Amino acid sequence: MLIAQDLACVRGDRLLFKRVGFELSAGGLLYVLGENGTGKSSLLRMLCGLLMPEQGEIFWQNKKIKENAENYLPNLTYIGHLNGLKDDLTALENLQISARLAGNDVTDKQTLAALSAIGIARCANLPARVLSQGQKRRVALAMLWLTQSQLWILDEPFAALDVAATEVLATRLGEHMANGGMTIITTHQDVAINARNTQTLRLNA
Amino acid sequence: MQWASWSAFFNMGGYAFYVWFSFGLTALCLIWEVLALRKRSQQALRLSQLLAQD
Amino acid sequence: MHIHWFKYSSPQTFYPLAGKMIPWFAALAVLLTIAGLYVSFAIAPTDFQQGEAYRIIFVHVPAAWMSMFIYIVMAGWAALGLGFNARLSAMMAQALAPTGAIFTLLALVTGSLWGKPMWGAWWVWDARLTSELILLFLYLGFMALQSSIDDPRRADRAGALLALVGVVNVPIIYFSVKWWNTLHQGSTINMGVAPKMAMTMLLGMLLMALAFWMYSIAVALMRVRCIMLERERSTDWVKALSTGGQA
Amino acid sequence: MNTRKTNAKTNAWTSAWLTVLKRDLLLALRRRSDIATTLFFFVIVSSLFPLGIGPEAAVLSSIAPGVLWVAALLAGMISLSRLFAADFTDGTLEQMLLAPQPLAWLVTAKILAHWLVCGLPVVLLAPLIGLQYALPNEALLVLVYSLLLGTPALSLIGAIGAALTLGVRGSGLLVALLVLPLYIPALIFGAGAVAASQHGMSAQAHLSLLAACSLLSLVLAPLATAAALRISVE
Amino acid sequence: MNTRKTNAKTNAWTSAWLTVLKRDLLLALRRRSDIATTLFFFVIVSSLFPLGIGPEAAVLSSIAPGVLWVAALLAGMISLSRLFAADFTDGTLEQMLLAPQPLAWLVTAKILAHWLVCGLPVVLLAPLIGLQYALPNEALLVLVYSLLLGTPALSLIGAIGAALTLGVRGSGLLVALLVLPLYIPALIFGAGAVAASQHGMSAQAHLSLLAACSLLSLVLAPLATAAALRISVE
Amino acid sequence: MLIAQDLACVRGDRLLFKRVGFELSAGGLLYVLGENGTGKSSLLRMLCGLLMPEQGEIFWQNKKIKENAENYLPNLTYIGHLNGLKDDLTALENLQISARLAGNDVTDKQTLAALSAIGIARCANLPARVLSQGQKRRVALAMLWLTQSQLWILDEPFAALDVAATEVLATRLGEHMANGGMTIITTHQDVAINARNTQTLRLNA
């Protein structure tokens, strides 16, 4: 269970939002919506502990995430704006390294299976440099087929994906929630995702 | 012919190390360059083959 | 009759042509090397001052010659590439640089290997040696610039400009280094100490130099083919080539 | 039960650490020209001095320890900008921050990789440059020892500077100002060791102090670097 | 009629040139810390050597010309990254490319500003550092002269490197590799001049050659820089 | 009169467009339209001579612009994606310097008039650093009230502008065309601009 209480965010010298809070329990899906620059990405980074809230607290299983990173981080998978790919490594190497770093000791076979799940098994041995924007995004998202963690935080996962990939990803998210996972997501697109309970958080300028 | 025997030839009048190292290194570098280029062109072909399958 | 000078300036047509040329130059290089080695070791007499160590001359001097010659040729291609916006010229310049750098390195190392028995030191800050070292830096700068620019067209043109700037500077560097050295100390070492070279020695050096020359052409052509493949990865002719199986 | 848990934890720590190390070495292998640049910077800078000072072997050999160490310092410093910059822009730094293992631990793997790629080649090439400076053989050996013991400190301390200046305008100069003063102890002991052996004295004391510097920075620098990274990523 | 046209043209050229010069100086004034960093780098690097080499006045004064010149070289080189980078990212470089006057002409104004901001302070501070190295008075004077004649060449040649590496990955190290070898003649003549005066000889010949270097680069470097800028801006 | 013939553009290893051509005569307005990444900005930069066309030629008054920059550039005003402002200079200083560099020797008064025409006279003495995105854009565009040149090339001039500023700018463009000027413009917005003859050039991916 993830609880955010009374969060406020300041970037530069601007207050982006304040008094933002929510509770997310197993099987729950939270949409974070808002215009460009309203602070969606900043909120997600706060929830990951990458950005310190100006005010407020975040709890995972009733413990502050700040003081309890050791238990929180293995349960968290975050895929941000950046894909986290090294141009000079192949798609396979990139994915494998990301997974290992996140604590999932995956084999080549598992990695390849993840890549083919999202439909880019053919690019597995190409260096990330030559992949198109959408292909890169898919490699980053293939992580979702490898991770064991319960809480997924995804920043515009559907950006740059075509229709087929969007569908595959939405299905995967539905599965995750069905298994008792939680997802927090920002998106500008309208994609149907199955979840036991769906919440929406709207940030305003 | 300059050399009384093969061993004299290899000995190079006492300068064996300097002479043979020079020639050996030169040969090594040049051969390495050729082999490296071979490999590079094979890799390039393999990569474009992968791209072509797309 | 109208000659299509630029027909072969397209990678697609030049690639197979280069492929046909390589074996010839390679064969010439091998033959000349054999002849050169034969002359240098079997025919050339022992030097009465330096003993057998002087035989290093047969790689050292040709390598030194090539190192300078290739830089000039490279700058020439670069100038052509800049002037006529010809892609092939720039690729040739790029293909020559590593070979030139290797010969520079070889001249330095074989020179050192010669210097130790002759002067008792691996290195002295002599004008010629120093300028050869700087030439190595110039090559490396060119290669580093090329490899760190991702857009090939920009890399070509930036590299070409750098090569030209370098060519203007090489004589200045050479003379400044020479002057620096002579001012500080009476020149204690003079590479001209070798006695008037016998004809056979000259012949050996010439043969080896020719062999290196042919080798350089063959290797540059090989490298230019690699560059073409890498750059035109996504074009149809490369895809056809790679899936067709013939390299 | 408890030991099994500890064991699993140790395994996870080692595995993540090795992953980071291997990745960075693999990347360096794929981009060999980047390794070369640091090395050649070292060579060029140390070749500038004879040109400025003159070719007399006696003078050159007397200043060689200082000059070579300063050149190593500058090469180490100038390669710092690459330590975290790429990870920062492509997002892999965030992955490291979110890994279950402490950031400071993973950072040591990155620093080790940086040292293997930028520091070790300088150590290995230094005797060659030492020859150009007409250093005697024992001094060459001590030079290598001293660099071997000292360059890790350079990488470790430099990492703090690199992390602090991530994404800052004009970071090249800034990192120099932050880091060079901190490098001074390493310089004094390192050059001192070589000079001592040149004068026929024992370099032992200097080398021990140098090792102490490296050990101290090994303890403190990863923590400071991790803290700096967290600040920069915000 | 014709002369009036020529006159107008000359006026326009001067006015655009002055605009660029004034703007860059104004910017430097608003960001004084940037000037300071180059200067500090020079001071730090040249203070590192006594630490590495030892405090004997005789040795220090014999290597002073070379060391100070190398430090000036490195400081000049490290400040190059700022010459065009900001203009490139904020778009003012495009404005210069599209100005009716030739780019090479406007570039000279930028280089002059860079020299006034990064080169001149080093020239003025050098005698102070020279004192620390126990340089005699005449040699100090020659040091200032030589730097005054030589640093413009450094800025001019450096501009080519800075323009070539605009927006390139790892440009800090790269610019060093490109530019340092080209700086060598200036280093040789500059340090040679100081050394000559130290040994009681006339520094005239060196200084003339240094001036020749500067003049030659004044003629060629702006053209090459302009060409490089056009390539980089594409 | 500006004529572009058979232009082709390559970026990296991708051909963005080929066989693009048009003629623009006094009083004419040319819209360059297309999706993200189709090469609009690249085309405009070619027309300014900042980018060399892979193929094709551009003529100004029947002379190649490459060989005739001296006559072409004084007649050209280009405002690109980047505003060309120095963070540490004030709006007034920035505008004045840009104008002088372009060959218009303007006084403080004229500069101020230009700034107030586009509605930011109040910010004249603020450093560009503290201006918002829209305000910065306006400072760059204020140039259009100072320049004498006949051909204007504007890359998404309306981006980041609010409604009022958009209107002011559209009016100014209409005036320019009425006086026999020419304008080439890219935009993703729908803004009405008066012109004797309006052409549209559409680039496709």
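Chains: A, B, C, D, E and F, in written order; residue numbering restarts at 1 for each.
Quick note on the criterion: a residue touches a chain if its C-beta (ideal position, glycine included) is under 8 Å from a C-beta of that chain, and two chains touch if they have at least 3 such contacts.
Bear in mind the structure is a predicted one, so any value in this text is a computation, not a measurement.
Q: Common contacts of subunit B and subunit D?
A: The shared contacts of subunit B and subunit D, listed by label, come to A, C.
Q: Count the C-beta contact pairs for A-D and for A-B, then tell me which is higher.
A: A-D
Q: Averaging each chain's C-alpha atoms to get its centre, pick out the one most distant from subunit E.
A: A
Q: What whole-number Å value describes the gap between the mean CA coordinates of subunit A and subunit E?
A: Averaging C-alpha atoms per chain gives centres 49 Å apart.
Q: Using mean C-alpha positions as chain centres, tell me how far subunit B is from subunit C in Å, no decimals.
A: Distance between chain centres: 16 Å.
Q: Just the number, please: Cα centre separation of subunit C and subunit E in whole Å.
A: So the centre of subunit C lies 32 Å away from the centre of subunit E.
Q: Would you mind listing the residues of subunit C that make contact with two or more other chains?
A: Each of 137, 140, 144, 148, 150, 153, 177, 180, 233-234 in subunit C touches at least two other chains.
Q: Could you list which residues of subunit A touch at least two other chains?
A: Where subunit A meets two or more other chains at a single residue, that happens at 130.
Q: Can you list the residues of subunit D that touch 2 or more other chains?
A: 37, 40, 44, 51, 54
Q: Report the residues of subunit E in contact with subunit F in the complex, numbered from low to high.
A: Interface residues on the subunit E side: 12, 15-16, 19-20, 23, 26-27, 30-31, 86, 89-92, 94-101, 106, 233-234.
Q: Which residues, counting only subunit B, touch subunit C once they are in their complex?
A: 1-3, 9, 12-15, 18-19, 21-23, 25-26, 29-30, 33-34, 37-38, 40-42, 44-49, 51-53
Q: Within the complex, which stretch of subunit C touches subunit E?
A: Listed in rising order, the residues of subunit C that touch subunit E are 134, 137-138, 140-141, 144-145, 148-150, 153-154, 157-158, 161-162, 164-166, 168-169, 172-173, 176-177, 179-180, 183.
Q: Across the complex, what residues on subunit D touch subunit E?
A: Residues of subunit D touching subunit E: 34, 37-38, 40-41, 44-45, 48-49, 51-54, 59, 62-63, 65-67, 69-70, 73-74, 78-79, 81-82, 170, 172-174, 176-177, 180-181, 184, 187-188, 191, 195.
Q: Once bound in the complex, which stretches of subunit B touch subunit A?
A: Within the complex, subunit B touches subunit A at residues 47, 50-51, 53-54.
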